[in-house]
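The two complexes that follow have chain A in common; it is paired with chain B in the first and with chain C in the second.
Right, the complex of A and B next:
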């Protein structure tokens, strides 16, 4: 049934030397559903702050304080302030200011009254939610350690000891039991931390402070262990049927170190019920449902169901690259226009050609012309002249014979 | 934890369905007994953590010894020059007494560093803590050397281990 799916907690046996009854071999108890309830530090804090107001005793200033005078203001015209002043004479008190909060011996501003609302009502369901959360938190070693309890040598959390502890009568055996189950370092820490409180609380009947040690929860009414354990400094005892949030989450902080007896843990199921089944002791109460049943995000994300539908990781992050000017940067230009390479190459080659040919031409011009070339040039000139004459039939015209020197 | 169906009367105790680390971290990050708020610049803004399983002693999820199922810790052992390497076992989360797998190492530094690296990264235990583990190992080792040979008397004195 439901019990089959719940993990088991082993009950720590107490050594036979401590009690007459033979110890049973290691038995196990199924984890009560309370311990799986959702842990809500916000609710616990809220309930704790309100519940801790409930044991306050009223304080107030005497209602007559500051008014037991028949003072009257002197009015204006006497070169003094207008506060009511004490009438009469013959004593220091005469003429002193009275009644005001600023006056010496006057009443305070807003005198405190006993009918201030000292106690707070908290919804029953919220109170139960908080207790259930606190019980669940007490079974998680991380939270208990974070609250400051020394649980490194505790064999298992939640810590359950066999019922033979309930009949312990001597405190010395009680201490031995604590040592056996690894709870003694925590009690020791509490004992060592006993110190005088700093501040005015010292003189207001709150002289000493110390840390909290383990809370021992027993199941059967009237168990003798209460007397045995209660004198150990730091150790507190409670009955399962009456668990107090102020003890389970001291200071509003979850994770008190709790030691359960076997009968106590077995009763938890009937007191708080389960997520479906109503509690037997609390009418119609069902354990609060959590928003997420499985809060292990890492496991959910890495589970097959999620991973099979999820898109693959984008390993390559495309980042904005710096824009480079194609007109200045050849490679970028090529990315845009591959032909630019050949175009530029051809341009370069053409340029080189042009330069070369110009240079040759100039060189030729600057070089002094040799005699053969000179003669060849002259002869070519003369030949051209002759062809020009013959082509254009200059010889036919008479007018030209005068200066047409060159006759055939 | 995969819950196996129980067959008849044979009930086996498997591990606690633990509250997951993320949830614990949310509860613990602001307020826990190991939190140290000091050494900010004029404010107490740096958050350190005094837990024993925290390799950098920083109050953060990755390094936290409270919120993680797998933690690594390196500390000085009681014996002189020996270092304890402890890793936590994932299956025993609710049994604090048997939670840690401790091993005392008293070798020369390079061997110890190799051992630490293998434990932390080699078997994929917590590869993201490798650097932190090695850093802590050298810090602890150095402090043991100093403890042995005494604090330096002048700044320029060499660190010698006097046997």
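Right, the complex of A and C next:
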């Protein structure tokens, strides 16, 4: 990525009253690539917890503690517990329990040893990743404010001041400079927060605690400003070639308020390189690549490329309704079989028809028969009988007329 | 970045509005299209159902007529051998020979009082012979088939048991065979049609209730006064009690 593509950071000029530096007005510096590295609080936390163990001093109990007796157990049969007891007599100490961690004056459980592993080894690349992340986080005002620094009156983040600051010799001018660039509220906060530590640390040579103020990073070796700024409470100074994670991310929390000098920020590019170019100072080191180049999920989702292939939102999800029995519920039946209505109607009509005709038939039968009908019925019966007895189709009847004695 | 109108409306909001409009339009059009299709389908279903009703009536009348004819001549009308069977599993799952267990699984009778329809051919008849003590079966009539499918019909869609509450479900499952409504399905089952296999497989095995009034004696065959095996037309009476 060409430096031209990087945004420009303006260098804050210092007032002409000091060091006759009235020559140039506002100059600008391109933002170094380090500031665009991915911010990984998890790596910073891990590296910080391990690195901060490295300045520990060992502690241990005396290896003789609790064993400077010749105690021996009395064994069983003496109505006392079997713990080793101090031999001898003539003093309180005789017969008291010894050696065990439960005994008064005995040795502790698992006496602490000096050869406990105090220091931690961290991979060089991880350490560099953490520092790079911390530097990147220091350029983001929201992270710096979240860490608690008072940067409301700072004109720009990252804050770069001109190199004339490196030749400041008096602390009074240093404070004036801080006031000029809006960094004094932070230093003031640190000064005001000076308090006695709660807890036992008080009596262990860690009596006072206070907040951290700005970290001033300078570029040229042997700059006089170190002596000027170091006595201001809360303010720390560091050379850009030797940046310390413990200072850039105190407590493992990203976003220290850093004040860069122009030469310091110009050196950053050569110390850390860029995403493609190797660093000059660190052999073969390239800035770490992020997992997602564009991490703005909302922007990605609402982008044209994604939205053009996205399907519309399904607002109403139909849920399974209760199954109703179509044989009992007509409407449900009609949903499945529209013909059911006409079929049922026809069936009902047919049923009504049947009932009606049966009723008529019965009524007719139950009604007393009229004389004409009666006569007609009787005549029909007689005619039928006649056909039965005549039987003209029977050909051989003539032969049997004698047999049956029938009269024609 | 916004357009310099009175109030700067962000471009993303405008884009979203346009998108929503397009989607709404598409949805409306789709809705109208499906409505039209449904209306046409409805008419088609009505006519089919009418035609089937006529067909069934005709079949019934024909049967009666043939029987009367035969009686008139002094002979007997022999019904053609049934093409369709309804099987109900009447025994539980414990203590079963693995081979008969596999056959019952093939018939999709995995639970007691599960019922399935079955086509009659040599293969199925031989299978039934082997599982006779565990099932009862017979020849269902139109009323049985209708009632079973309407009351306890569930379809198999994407391996899920979906109730047949709408013809669209049947269309989704069997549309490619021309079966688009319940009446089509019933007709396919009862007149073992060309797509009987697919239609039957679409129907999930019927989960019937235990028969009201009870079974006679599960352990014996029907002819011995029990319940197992082929009970021909008396299956219909059992279905009435189990549906």
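By our rule, the second predicted complex is superposed on the first by the 308 of 408 C-alpha atoms of A that agree within 3 Å, B and C clash if a C-alpha of one lies under 4 Å from a C-alpha of the other, contacts with A are read in each partner's own complex, and residues count from 1 in each chain.
Definition applied: a residue touches a chain if its C-beta (ideal position, glycine included) is under 8 Å from a C-beta of that chain, and two chains touch if they have at least 3 such contacts.
What you see is a predicted model, and the numbers here were worked out from it, not measured in a lab.
**Q** Mind working out whether A:83 is in touch with chain B, chain C, both or neither, as first, second, both or neither?
**A** Neither chain B nor chain C is touched by A:83.
**Q** Touching A:340, do we find chain B (first), chain C (second), both, or neither?
**A** A:340 contacts chain C only, not chain B.
**Q** Is A:295 in contact with chain B, with chain C, with both, or with neither (first, second, both, neither)?
**A** After superposing on A, A:295 lies in contact with chain B but is clear of chain C.
**Q** State whether A:307 touches chain B only (first), chain C only (second), both chains, or neither.
**A** Second partner only, chain C.
**Q** Should A:151 be classified as contacting the first partner (chain B), the second (chain C), both, or neither?
**A** The first partner, chain B, only.
**Q** Tell me which partner touches more residues of chain A in the superposed arrangement, chain B or chain C.
**A** Greater contact footprint in residues on chain A: B.
**Q** May I ask you to decide whether A:226 touches chain B, chain C, both, or neither, giving the answer as first, second, both or neither?
**A** Touch partners of A:226: none, neither chain B nor chain C.
**Q** Examine A:323 and indicate which partner it touches, taking first as chain B and second as chain C; both and neither are also allowed.
**A** second
**Q** For the complex, give me every residue of chain C touching chain A.
**A** 12, 15-16, 19, 23, 26-27, 42, 45-46, 49-50, 53, 147, 150-151, 163-167, 181-183
**Q** Per the contact definition, I'd like the list of chain B residues that touch chain A in the complex.
**A** Residues 3, 5-6, 11-24, 27-28, 31-34, 51, 66-67, 93-99.
**Q** Show me the residue ranges of chain A that touch chain C in the complex, using the header's touch definition.
**A** Residues of chain A touching chain C: 302, 304, 307, 312-313, 320-321, 323-327, 332-333, 335-340, 342-343.
**Q** How about chain A: which of its residues touch chain B in the complex?
**A** 4-5, 7-10, 28, 31, 36, 39, 41, 139-143, 145-148, 151-158, 182, 253-254, 295-299
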